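Heads up, there are several structures right after this.
Next come two complexes, and both contain chain A; in the first it sits with chain B, in the second with chain C.
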Partner chain A sequence: MRVRIFTFLLVVALVTGLVTAALPSGMVVAQGITHSECKEDLTGMTIPFYTFGDLSGPYAPITQPLAAGFSDALKYFNGMGGICGAQIELVQEDSGGDREQSLSIYQRFSTADPKPLLLLLYASADSELLRERVAEDEIPVFLFAGSTIGLYGEKADTPGWIYAGIPLYTDQFGAFCKWVASAWTTDLKREGAPVIGHLSWEGSFGRATETTETTAYCKAQGVEVVGGEYFLPTATDVTAQINNLVSKGANILYTTTLASGTALIAKDLTTLGLEEQVLLAGANWVLDSSVGLLGQRTLKPSGMPSTDGVLGLLPYTWWDEKHPGTALVQEQFTANNRPPTARGIAYLAGFGAIDTYIELIIQTVNRVGKDNLTGAEVKKTLDGFKYEALGGVFSYDWTNGVRDVRMTRIGQLGYLRGADGAPVIVEVGGQKMLVPVIAPVTTESVPVPDLKPGGADVPK
Partner chain B sequence: MDFLILGKPGYLVLQALVTGLLVGGVYALIALGIVIINKASGVFNFAHGFMMLIGALIFWSLFQSTGLSPVLVFLFSGVVLTVLSTGVRFPANWKREQRIAVIAVLWGLTGATLIQTDHLLIRALVGTALGSALMGLVIERLTIRPLIGQPLFTSVMMTLAVGQVLLGATQLTWGSVERGLPVFATTNALGLSQAFAPIRISGVLGGMLVIKTELLIAFVLAILTFVAFVLFFNYTTLGLSMRATAESQDLAQAVGLRVRAILAVAWAIAGVLAALAGILHGASTGISITMAGLALRAFPAVLLGGLESIGGAVVGGLVIGVVEKLGTAYFGSDVGEQLMPFVILMIVLIIRPTGLFGEKRIERI
Partner chain C sequence: MSANIRPSGVFDTTYVQDMTINRTRFDLILSWGFLFVVLLIPLLTREGPFGVDIVPLGAVGTVERIAILMIAVQGLNLLVGYTGQVSLGQAAFMAVGAYSTTVLMRQGMTFWLALPIGALLTGLVGLIFGLPSLRVKGFYLAMATLAAQFIIPWLLRNPLAPLTNGSNPLPVPRTTIGEFVITGAAQYYTLILISLAAMIIARNIIRTRAGRAFVAIRDNDLAAELLGINVFAYKLRAFFVCAVFAGLAGGLLAFESRSVTPDQFDLQSSIELLAMLIIGGAGISQAPLLGVGFVLILREGAIPSLTPLLNDFLPRLLPFIDSVNISASLAPALFGITIILFLIIEPRGLAYRWEIFKISWKLRPFSY
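== the complex of A and B ==
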C-alpha cells in the first residue's frame, strides 16, 4: 500500500514537474506575453511612467496614437496586476515639438521626487538635446527613434543612457541598400542599377539618413546615392525636388518622413507620371496606416493609390500578422473604441513600451529590491536587457553596449484585397476607403549593418 | 536636343515657374488675410495660421455625410446671423419688422442648408463661412477690442496667445490625426473619392509640363478673391469705411463711422479668408496640425508686398512661390526653400523699407 501511495505521489510530482517545465518561466499576463516572476510584492505602490514629446506640433499625427497606446496599455496591464501589484501611473506632457518646451518639461521631470526611473521619448531631436543631461541626472531613456547622435554621441563611440526601440536610421538605410541591390533584377524586376535620392523632411529626423558612411556602404553594395533634397512638413508640393533627383539619375526615392510627408511624395511622383519609373521607399515610419490612408486620394493609372507598393523597414511584427501579441493589442484597440486611423505603428509602439517598462522594473526590483529602485539601477538592468515585448512583436537586445535594435525585415505597404483579387472597400464615417495593410517582403529578420561613424560595416 | 535655360532643361524650369506661381496663390491668400487685419487695425496677426487650421477643420466636419442636430444647427446659425447683422447697415427706410423678417428668412435658409446631407459642398461652404466669420468676431471682441488704447505691441502679443488657444481648442475638438479633404475630387469606378487628374501638356520646351489641378483651382480662387477685395475696397460703403478707418480711427469716428464695428468686420473677413486658404491647402495635402506653420511661409510675402497693400500681398505671395521653386530647381531645396525667400525679402526691404507696394508715411512735425 505504501509503495502504491509512494508511486502515485512520485508520478504526480513528475507530471507536475514536467508541466511546469514545459510552461514558460515567469508570470504569464496574456497568451504569449510573459513577465519575470516577482520576488517582491509591490501592492500599494504607484510607479510613474514618464513621457513627453510633440503631441501638438509637426509630429502630432503619429504621436497622438502613441498616447492612446500608452493609455490603453496602462488600463490593460494595471488591470492584470500592474508591476507586481503596483499600479503604473502615466505622467505625460506635450512639448509641441519645441526645443525650449522640451528642456522645460525635462527640468520638471528630472527634479520630481522621486526621480523618474525611466523616461520615454520619441523624437530624435529630443534625444540629441538631452543626451548629456539624462546621463548627468542618471535617468535612462527609452527612445522610439533612431538618432545616432542621441544614442552614441557625436563621434558615435559613447553609448549613453538612451536605448532605442528601432534600428538607427543610418543602419535602416544600409539594410535597405543591401536588400535592394540583391532584389533589383530578381524580385523587383528592374533594369540597370539602383540609384537612390534622399527626399525627406527638414530637421534632425529627416536628415539622419544621408551620411558619408551610408553613401559609401550603399556604393559598396552596388547602389549609387545621388544626394538629397529636403522639404518642410507644411510643403504643398515637392515636384521640383523630385525632378532634381530624377534628373541626377535616381530611380529610387528614399524618405525619412512619416504620414503626410510620405503621402505627398507618392502623390507628386504620380502627378509627374513617374510612379512606374521611380520606387518609393523609406525608414520604418513609412510603413504605417497613416501613409496608406492619406495616400489614397491620388490613384495611379493602375487604379491603386499612389502609396500602394511603398517599401520600407519593418523591424517589428505588424498588426496584420498572426501573432498573440498583435491579437491582444487589436482586442484592446477594439475594446477602447479607437478609430481606424489610430491603428498604426504609434499605438502598437505605445502598447509595447508599457509592456517593456513592466518587465524592466520587475527585473530591477528582483535584482536590487524595491527600496533601491533608482534610474541608475534601471540602467544596469537595461545594459543586460533582452526582451521580447508583447511576446515578440518587438525584440530588444541591448547587451554588449548596443543601444538600438539590430535586426529588421523589409516590408511593403499595400491594400487589402478580397478573394477575387479586387481591393476591399470599407465605409468609415460615411466615406469609402481602401484598407491599408503592411506585409513583410522578406520573411526572416536580418542584421542591420553598423553604419555609425567608425562602425564595423563602414567601408574603409 | 534639350532646350536649356541657364544649364537646366527648359521644361523643368517652366515646371518650377508654373508650380511656383500656383503655390504662390495659396501664399497670396494667406497674406491677404494678414494684410486685411493689419490694414484695418495695424495688428500683425500671428494667429492667422491657426485660424486657417480651424476653418479647414470646420469645413472637413461639415463635408462628412453625417447629419447634424437640427437644434444645434438653428441655435448656431441664429447666433451667428444675429451677431453678423449687428454690423450690417440696412437701408434707412426699412422698418424693424422688415429687418427681422430678412434675418429670419436667412436663418431658415442657413439652417436648412446645414441640416441637409445631399449637397455637402454647399453645406460645408456655408457653415465654414459662418463659423469662420464668427471665429474672427469672437477673437476681436474678446481679445483685441479690450486692448484698444494699449500699445500696439500688446495686441500683437495677444494674437500669439490666441494662436495657442486656437491650437488647444483644435486638439480638444478634433484631435491631431491627419485628415484627407476630398474636395476638388471626383468619384472613381470603385466609388472612392479621387483627386482631379493633373493637366499634362507635352512637347513644351523639350518635355512635359504638369499642372496640379488643385493648385490651379487655389490659384484661380486667390486671384478672384483679390479682385473681389479690390472692388470691395473701392466701390462699397463698408470697404471705403474700412479704408478710412485704417487711415485714421479718430477722423473716421469724427465723421460718424462705427469704427469698432468696422474692426470687427475686418476680423470676420480675415476669418473667412483664413478658412478659404486652409481649405485650399488641405485639399492639396490633407489637414494636419502643421498647417498653422504655413502662415510663417506667407510672412515674407506680406512684408515683401507691403504690410498694408492688398495688391502687394498677392504679388508678394506669387513672388515668394516662384522664388522658392525656381531656387529649388537651380540650387536645391536647402537654398531654394530655406534661404532664397528671405534673401529676396532682405534685399527688397533694404531698397524699399515699406515693401514693394507699402505706403510711405511722412511724419510732419
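== the complex of A and C ==
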C-alpha cells in the first residue's frame, strides 16, 4: 500500500514538474507575450516613459501613428498591471524635425524629476547630436534608427548609451547588396549585372548608408555602387538626380528616405518612364504603409501605384504576417477605432517599445530593487538584454557590446488583391484608396554583414 | 521712446545725464532688478547651493537659449529694425560662427579666442552677402540674402566636409579656464554675461554716428545720401555688424549644445529669428529680449504644458477629426495660432506695447 501511495505521489510530482517546466516562466500578458516574473510589487508607483521626435515635420506621415501606438499600448499594458503594478505614463513631445527643438526638449527631459530611466528617439540626427550628452547624463536611449555614429561613435569603436531597434543603415545596405546579387537573374529575372545608385535625403539619416565600406562590400558581392545623390526633404522633384544616376548605369535606386521621400522617387521614376527599367529599394522605412499611401498619387502605366513593388529590408514581423504579437496589436488597433491609414510601422513600433520598456524595467527592478532604479542601472540591464518584444515581432539582442539588430529579411511593398487578383479598393474618409500590404520576399531572417568602419565583414 | 517722456520741468543738465542709457530711476531699478532675477535663477533650482526647488531645472536651459538667440536677433534688429535692410540668412551666418568656432577649438585654440575670431569671420562672410544691397532693396534683397541660406549649408556639407563632418554632427570640445570645465551654472553665467555685453554694445552702436546713419538710411536712403551719408558703406557696415552678432550667437550655441550640425541652421531657423524680431518690435532695443523670450517661453513652457490637457480634451470635442492628426499637429497649430493672434492684437511688437505701458505709468493719472 505504502509503495503504491509513494509511486502515486512520485508520478504526481513528476507530472507537475513537467507541466511547470513546459510553461513559460514569467507573467503571460497575452498569448505568446511573456514578461519576467516580478520580485517586487510596484503598485502605487507611476513610471514615466519619455520620448520625443518629429511628429509634424518631414517625418510626420510615418511618425504620426506613433502617438496612437503609445497611447493604445499604454491603455492595454496598464490594464494588464503595468510594470509590476506601477502605471506607465507617457511623456511625449514634438520636435518638428528641428534640431534646436530636439536639444531644448532633451534639456527639459534630462532635468526632469524623476530623471528619465530611458528615452525613446527615432531620428539618426538626434542620436548623433545627443550621443555624448546622454552618456554624461546617464540616460540610456532606445532608438528606432540605424546611425553608426549615434550608436558606435565617430570611429565606430565606442558603443555608447544608445541601443537601436533596427540594423545599422550600412549593414542593411550590405544585406541588400548580398541578396540582390543572388536574386538578380533568378527571382528578379533581370539581365546584366546589378548596379546601384544611392538616392537619399540630405542629412544624417540619408548619409548614413553610403560609405567606403558599403561600396567595397557591395563590389565584393558583384554589385557596383555608382555613387550617391542627395535631396532635401522639402524637394518636389528628383528627376535630375535620377537621370544622373541612371546615366552612370544604375538599374537599382537604393534610398535611405521614408514616406514622402520614397514616394517622390517612385513618382519621378514613373514620370521618366523608368519604372520597369529601374528597381526601387531602400532601408527598412521604405516598407511602410505611409509610402504605399503616398505612392497612390501617381499611377504606373499598369494602373498600379508608383510604389507598387518597392523592395526593402524587413527586420521585424509585419502586420500582415500571422503572429500572436501582430494579432494582439491588430486587436487593439481595431478596438480603439484607429483609421486604416495609421496601420504602419510607427504604431507597431510604439506598441513594441512599450512592451520592451516593461520587460527592461522589470529585469532592472528584479536585479537592483525599486529604490535603486536609475538610468545607469537600466543601461546595465540593456548591456545583457535579449528580448522578443511582442512575442517575437521585434527581436533584440544587445549582448557583447552590440547596439543594433543583427538579423533581417527582405520584403516588398504591394497592394491587397481580391480573390480575382484585382486590387481591393476601400473608402476611407470619403477617399477611395488601395490597401498597402508588405510581404516578406525571403522567409528566413539572415545575419546582416558588419560594415562599420573596421567591421568584421568589411573587405580588406 | 519712453525715456524722453518725463515730468514737466525735468531736464538733463549734464552730458553724462544726456548720454546715460537708463534715463530715470525707474528704468535703472527695472534694469538692475531684471538682471538680478536672471542671475538668481540657477541658485533657485534643486541643484543650486540652497537646494530649493523654486525654479524648474529646465528653465536654466531655456534662459540660456534666450540669451544666445537674443544676440542673433539683436544683430538682425540692427540690420532690419534700424537700417531697414532685409535678411533671410541669419541662421546661415550663425552656422558660420558655430562651425568656425568649433573647428578652431578642435585645432587646439581656446574658446575665448575662437569665439571672437569666429564672429569676425562671420562678419566678413556677411559683407559678401551684403554686397547686393547696393543694387537691390526690400523683397529683392531678401531673395539675395536667401542665397546665404543655401550656399553656406552646401559649403559646410560638401567642400568643407573634411573639416565639418559634412551632414553629421561635429562634436565641440569642452570649454575650460585652466583645469576648470565650464558647465552647469558656470556655463549659464558665461552666456548671460556675454549676452549682456552684446546687448550693451548694440545699444551703444545705435547712439553712435554709424547708428544715426543706419536710422537715416532706413527712414529715407535718398535723403540720407543727400545729407552726405555714404549709403553703400553704411549698409555694408550694418551687414557686417549683423553677421558678427550672428557669428557670436552661433559660437555660443556650439558651446552650449556641444555639437553642431547644418540641420540646426536651416531656412526655418532664419524665418523664426525674423519672426522673433517682428514679435519683439523691430527698431526698438528691447525687442530681441521680448521677442525671443516670448517665443521660447511659449514653445518650451506654455505649449508643452498645454498639450497633454488638449490631447485629452480635443479628440472628444472634435470627434470628426482623427485623434492621431490632432495630437501630432497640436504643438505647431498652437504656436501658429498664438503668433497670428498676437500679430492681430499687437502688430507693432511687444517692445512697443512695453513702451506705451511705461509712458502711461509715467504720465499717470493723465495717461490719455
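The rule is short, and it goes like this: the second predicted complex is superposed on the first by the 444 of 460 C-alpha atoms of A that agree within 3 Å, B and C clash if a C-alpha of one lies under 4 Å from a C-alpha of the other, contacts with A are read in each partner's own complex, and residues count from 1 in each chain.
Simple rule for what comes next: contacts are C-beta pairs under 8 Å (C-beta built on N, C-alpha and C of every residue); 3 or more make two chains touch, one makes a residue touch a chain.
On a predicted model such as this, the values are computed, not experimentally measured, just so you know.
Model built by superposing both complexes on chain A: chain B and chain C clash.
By the touch criterion defined above, A:433 lies against chain B but remains apart from chain C after alignment on the C-alpha atoms of chain A. By the touch criterion stated above, A:64 is placed in contact with chain B and with chain C alike. Within the superposed three-chain arrangement, the count of touched residues of chain A is higher for B, of the candidates chain B and chain C. Of the two partner chains placed around the shared chain by superposition, neither chain B nor chain C is touched by A:172. When both complexes are overlaid on chain A, the residue A:381 reaches neither chain B nor chain C. In the superposition on chain A, A:342 makes contact with both chain B and chain C. Touch criterion met: A:243 reaches chain B, while chain C stays clear of it.
Once the two complexes are laid over each other on the shared chain, residue contacts for A:255 go to neither chain B nor chain C. When the two structures are aligned on the shared chain, A:297 is found in touch with chain B, with no touch to chain C.
Contacts of A:423 after superposition on the shared chain: chain B is touched, whereas chain C is not.
In the three-chain model built by superposing on chain A, chain C overlaps with chain B at stretch 166-174, while the rest of 166-174, 220-228, 238-246 or 256-264 show no clash.
Residues 55-56, 60, 63-65, 202, 339, 341-342 of chain A contact both chain B in one complex and chain C in the other. By the touch criterion stated above, chain C contacts chain A in their complex at residues 46, 53, 56-58, 60-62, 65, 157, 165-169, 171, 257-259, 261, 263-264, 266, 268-269, 296, 299-300, 304, 307, 322-325, 327-332. Those residues of chain A whose C-beta lies close enough to touch chain B in the complex are 55-58, 60-61, 63-65, 202, 229-237, 239-241, 243-244, 247, 259-260, 263-264, 267, 271-273, 290, 293-294, 296-299, 303, 339, 341-342, 423, 425, 429-434.
Interface residues of chain A facing chain C in the complex, by the touch rule stated above, are 55-56, 60, 63-65, 67-68, 93-94, 96, 98-101, 103-104, 107-108, 111-113, 125, 128-130, 132-133, 149, 154, 202-204, 206-207, 338-339, 341-342.
Note for the complex: chain B touches chain A at residues 9, 12, 15-16, 19, 22-23, 26, 64-66, 167-168, 171, 175-178, 180, 182, 185, 188-195, 198, 200, 208, 210, 212, 215, 281, 284-286, 288-291, 293-294, 296-297, 325, 328-329, 332-334, 336-338.
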